[in-house]
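To keep things clear, I will list the structure first and then write my remarks on it.
As written, the chains take the letters A, B, C and D, and residue 1 is the first residue of each chain.
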Amino acid sequence: MDTYETVLEMRGITKVFPGVVANDAINFDLRKGEVHALLGENGAGKSTLMGILSGVYQPTEGSIVLEGAPVRFDSARDAIHNGIGMVYQHFMLVPKLTVAENIMLGIKRPKEPLLQIDKASEQIVAFARTYGMDLDPEQKVASLTVGQQQRVEIVKALFRGAKILVLDEPTAVLTPKEIQELFSMIKMLTDQNFSVIFISHKIDEVIEISNRISVLRRGKLEATINNEGVSKEELAGLMVGRDVSFCVEKTPCCPGDSVLALEGVGLKDREGRPLLKDVNFEVHEGEIFGVAGVDGNGQDELLEVITGLRSASEGSVCIVGQEVLGKSPRQILEMGLAHIPADRQARGLVLSMDIKENFIINDYYRSPHSKRDIISWPFVRKHTKENIERFDVRTSSIDTPVSTLSGGNQQKLILARELHGKPVLLAAMHATRGLDVGAIEYVHQRILEQRAAGTAVLYISTELEELMSFSDRIAVMFRGEIMGIVRPEEVTIDQIGLMMAGSIT
Amino acid sequence: MNRRLNTILVQCVSITVAFALGAVVIKMIGISPLFAYGALLNGSFGSINAIGETLVKMTPLILTGLSYAFAARAGLINIGAEGQLYVGGILATLVGSNFAGLPMIIHVPFAVAAAFAGGAVWGGLVGLLKVKFGANEIITTVMLNYIAIYLVSFLVTGPMKAPPGTMPESRPIVDSAQLVRILPGTRLHIGIFIALLALLFYYFFIFKMRQGYEMRVVGNNMESARAAGMRPQRTMVLAMLLAGGMGGLAGGVEILGIQGRLLQSFSPGYGFDGIAVALVGVNNPVGIVLGALLFGFLRAGGNRMQLIAQVPVSVIYVVQGLVITFVIIGQNLHVFQKVGVNRPFRRKTGDGPAPEVL
Amino acid sequence: MELLSYLLATDLRMAAPILIAALGLLFMEKSGVVNIGCEGMMLFGTFFGVFFARLSGSPWIGLLFAGMTGMVIGLFFAFIVVTLRANQIVTGIALNIIAQGATSTLNRLIFGVSSQAANAPGFEVVPIPLLSKIPVIGDSLFNQMGPIYLALLLVPLIRWFMMKTTMGLKIRAVGEHPHSADTAGINVRSVRYGSILAGSFLVGAAGGFLSLGILSLFSENMVSGRGYIALAVIIFGKWNSWGVLAAALVFGLGDAVQIKMQTAGSSIPYQFLMMLPYILTILALSGFVGKAESPAASGKPFRNDEL
Amino acid sequence: MKKGLLLLLAVLLFPIVSFAEGQKEGESSDQLKVAALLPGPINDGGWNTNMYDSLKFMEKELGAKIAYTERTPASDYEEIFRGYAASGYNIVFGHGFEFGEPAEKVAKEFPDVTFIITSTSISQPPNLGSFLVDDFQCGFVQGAVAAILSKSGIVGYVGGMEIPPIVNQSKGFVAGAKYVDKSIDAKALLTGSFEDIAKAKEMSKSLIAEGADILVADADESNHGVIEAVEEAGALVIGSSGDIYETVPDARDVILTSMTENMPKGLTVLAKSVADGTFEAKNYIIGLHDGAVALAPFRDKASLVSADQQAQIDKIIQDLKDGTIDLNQYK
């Protein structure tokens, strides 16, 4: 092993938030020209660690050493001046401003109070070229594709003289093709001696791109290993703390008659760009129908159409033979739909309201929950108590606001709400996202119970392993189209990956 | 529980600070603060009549406070209570100054209902503009306040002017529509019960009825509300209707119970005080009563301060303004002590009523 | 022609204080701050404008101090809404109440109670040679008081500042997407403090111009609603200084026309003409006069511990 | 935390208490106590100042203890009347017609307190009377004077809110002008507010732009606006309800004259009659005849008035006094 030049060292970093230890004595170092992956589940403490590195937070304990000299970042500005460039998962670009304006934003040029945007634009274009990237500085960021926006973010960071690039979940929103472009860009940058911290919870990508891998779990650093012949299982084990096999125990499925049937469903956005194109499939009783695909390929729209939050511009959607297009979300819920939304906090719960109030959100208006517009709280309390015990939501009382519950318990509350009455159809999206392994298994068990009980399950996820092991059939979506419907036992993950990238098998 | 106690304490401190500063101002104009505040207390609680006056002032304040609170529950900011109050006044007058000879048992409820309806229209309009055209409710309500005030001024100098037609005032409210005075020697009238009923209704509606539950859900997280099959737009319009109605009621009781006829600028700013009332009372029924008590006390006692201690009205405005300011400051001091951040990175969710402005 | 020239002149005069105040508000709005307290800030400006103009004997000094007063109030406002993250609307309302009381109190403390309103040297009309000789527009545009010329110059100036300078870019970014600005190393709070202070200076000066330009005296509550109109002007002008100018002129014209109509003995009740600006604003907000697009983060307090 | 707050609370109460010291109360039982309710601020240089001066005058003349409430909110008229009556004031003035109705209510409750309402004609024995300045007459004289002295043949009147005294005076103004010369163009405008001075100024300017060379200012606070306009645009102003030559000395070079309603005198006479028990609960109208209303001398501007113009003016005033001109035909 030849000697490495260490550019960055984070020593014994501890960050305590009221109630949580987000980072616990973490040591992390970065070498010149390497890609160092930070692997861990959501909530493992990756973002906090990077928050500290980028000056958003100050560590409770520990120090940062940059090229041998200890530094202290009190603000994002300090970090930037020290050559650290963050590219956040949710891009930090101002949609209404142009590319050039976004890149120039906040660059300190005491000598020049004027923007001189044209001059700047030329510089930017030239600069981007040197890294083989094309940018139109005049364009408003709002009109760019996700991939382009990410490129702007990277140029923005480099233009500020970043030597260390931090990419937070950069692939979450990219298509496989875009991912490959990103990866080649990263390689090119590291060849020019830039150092990259690659934050992800996707094992394969980490293995593909990084030189070294540090695994975080529950705020602690599990291990830092060279990326030479490490196996997925090994990493997964580190991530979740014990060896997990990626196959869920389940009985062979015995599909009954069709519950959910989509025929030629299409949807266009305001500009008339297609969001869903001729979607056809059926989900049967006692079957788990998985939907794979990179985020933003129409899964959200698909779910919104089925739940009635949006109405499709063409085609038909039937639940047990009844057309649902044009029906209101409530009418559809009343047809026996259970809905586990992608973002439980944004769409599933009302964080500032308490457990019982969240529990009745679908039924509050009908007897026995309420009679003649008046809610009968005694019944609601009783009913809520029973069910949150059944679904083992850990809480001191049903009067506590759900914002105080852990992510797992919040999701269990949603399960309790959606599954306590026998639904005919369960439409779930990212049902296990951001949960710890225990909770994930719990969710899986509950959904399998439903399957056994004959419920038809539509299960949308971006986690291929999960889908492969969990679903009876998998539809792969790309750009709003179903590229194909396969049985997990008949295909490999790679084949599905190809379909996710748009090639029909 | 402890936190609640704490907030109450903070409120008290804030209010004391305001009065302390007020004392300085009063001192500046050469009057003994103790004497002035003595008059303030005496004028608000010193005698049966004083207490009566405080209650009289509380009546519209409770209602305008409810007006703000109703909208706030659905995540809307209603600055329009003043305007709704004026329109309520117009309608109350139209009904109250006509239909002479109706039995009181019918005429009073009729007039009060009219006031409610008037305000509801003025408020509902805001709701409609919001959901149909996305017109920001804060500005529309501010604008509608002015429109309502000029409307009244036009009506009393024009169409509704009382014959023979020299004075800018409507015909008087006929006896059968006037709110009965209940405490001899004071102006305390049954309006206070209307206000308390409204308060009761607010509590019942928000916490016991499904529409109220819908309002709270919509106000806290519109997305979840839609996913659960609610109709946020309807709910918001309903909230503004009720908010407006409450404002209208305030105008109604003021006209039917105190003024006896429609006059130009008959409200001394009850609508705006109502915002502060709801703010001090954090939209909670009991809190609103206390808030109304505070400002009723200031208004009733303020008159006395001017009457006995010769404290100019302008100084009383200062004290009122200071009270509101320091209550706001008090409620936000917690930003200095980092509490309640139990998730390191809060993601942007629809959580919590964060009504955007403009 | 005569009439037109007259209308233009009156319009410009009546529009000027609203315009200046609105330009001030524009700074705050662009950085995502809404100030309903504009009315109160102006009132403070009117009083201290007169006060210092008397002391110094120069309306310009008075105007300057009117602006400074605005800034002091602005600092107070900024502390509450930026540092304490309090509700901007309610704070503004409180500010208005205080201003009404404080100015009246000070007026009596300082100038005592007399039927002689506290007056001060006002601004003189400064005709611009040659230009003021142009028929019609000449007399109305180039035969005005100094501050009016300045106000008109401010319009392109502020536009340029917002679009072409780094500071302007920062302000726009903070108003649109504070978190991006924050991660780009911009101190969101200080930018907002800055915008509020700069804006408050103009708002205060607007008050000063009302009491030293339009008139040359202070009288209690003399702002009478112009602060709210300024707020309306911003929306109507779609957060763009040219638009603001146009809107201010439209509303000023409303006044001018209304006066003209009364002199001409029109029968339309003045109340309706008074309502006009407010109705127009509502229409503008409802998109009937072209959808007004406010800065995205407008009115939202900023906390940098969430992403 | 909580302890700290409590401590703070204690500390804060300190200034309130510390500033405390006994308020001297020059209370002698037989002293006449007079109070007034004002619609606006005492320093408006018009209507409200008039009452303020009257109170001061009574203090001087009758040694009365005086008190007043400014900007009285409509919702509190009744209550404040009651307040003064209850706290031992012998006379309570309501300065404006709008105070009439609540006064009538309260008067019943306090038979031994006298209530006097201005600019209205109500009365309610035994203890409520009213005091009316003949606004129409004032306006008539102002109109006549303006018409006689105007060179342009255009004269203007700027009033405030649309309320009886203003409306009447404006009508009188037009009538007076027309009485002198049918062809005269007399424009009467209302700003709709007493506070919006800027508006009053613009209106005056526009009137002058129209060619008016003499303006009547009758808008209380807003008079300042009218006077400024006149100063800038070079015209002359006639004051109302008080001698602006005295109250606004800075503007003397544009002040033609004023209609002086000697309210202080008139009201003090009434107050005295209350004190010695000769007060009657009726409507006291003051006008030219009893000398309480008069046309102020032209002073600096006397040179502008020719002998026969002066004679013409005197004649009109005389005819009004002895009723040769019956104003009712113009109302």
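The working rule: contacts are C-beta pairs under 8 Å (C-beta built on N, C-alpha and C of every residue); 3 or more make two chains touch, one makes a residue touch a chain.
Remember, it's a predicted structure, so these values are computed and weren't measured experimentally.
Number of steps on the shortest path from chain A to chain D, with steps defined by chain touch: 2. Of all chains, the one whose CA centroid is most distant from that of chain A is D. Between the chains B-C lie more C-beta contact pairs than between any other two chains. If each chain is reduced to the centroid of its CA atoms, chain C and chain D end up 34 Å from each other.
The geometric centre of chain A is 45 Å away from that of chain B, both derived from CA atoms.
Taking the mean of the C-alpha atoms as each chain's centre, chain B and chain C sit 29 Å apart. Here the CA centre of chain B is 34 Å from the CA centre of chain D. For chain A, the set of residues touching two or more other chains reads 47, 51, 57, 90. Listed for chain D are residues 192, each touching two or more other chains. For chain B, the set of residues touching two or more other chains reads 153, 157, 312-313, 338, 341, 345, 347-348. Chain pairs that touch one another: A-B, A-C, B-C, B-D, C-D.
The residues of chain D lying in touch with chain C in their complex are 41-46, 49, 52, 187, 189-190, 192-193, 195-199, 201-203, 205-207, 209-210, 221, 224-225, 228, 242, 247-250. The touching residues of chain B, counted against chain A in their complex, run 208-211, 213-214, 216-217, 220-221, 223-231, 338-345, 347-352. On the side of chain D, the complex with chain B involves touching residues 1-2, 5-6, 8-9, 12-17, 19-23, 35, 67, 69-71, 73-76, 78-80, 82-84, 86-87, 97-98, 101, 109, 161-164, 167-168, 192.
Taken in their complex, chain C has these residues touching chain B: 29, 34, 36, 80, 83-91, 93-105, 108-109, 220, 225, 228, 231-232, 235, 269, 271-272, 274-275, 278-279, 281-282, 285-288, 294-295, 298-300, 303, 305-307. The residues of chain C lying in touch with chain A in their complex are 163-170, 172-173, 176-177, 179-187, 296, 304-305, 307.
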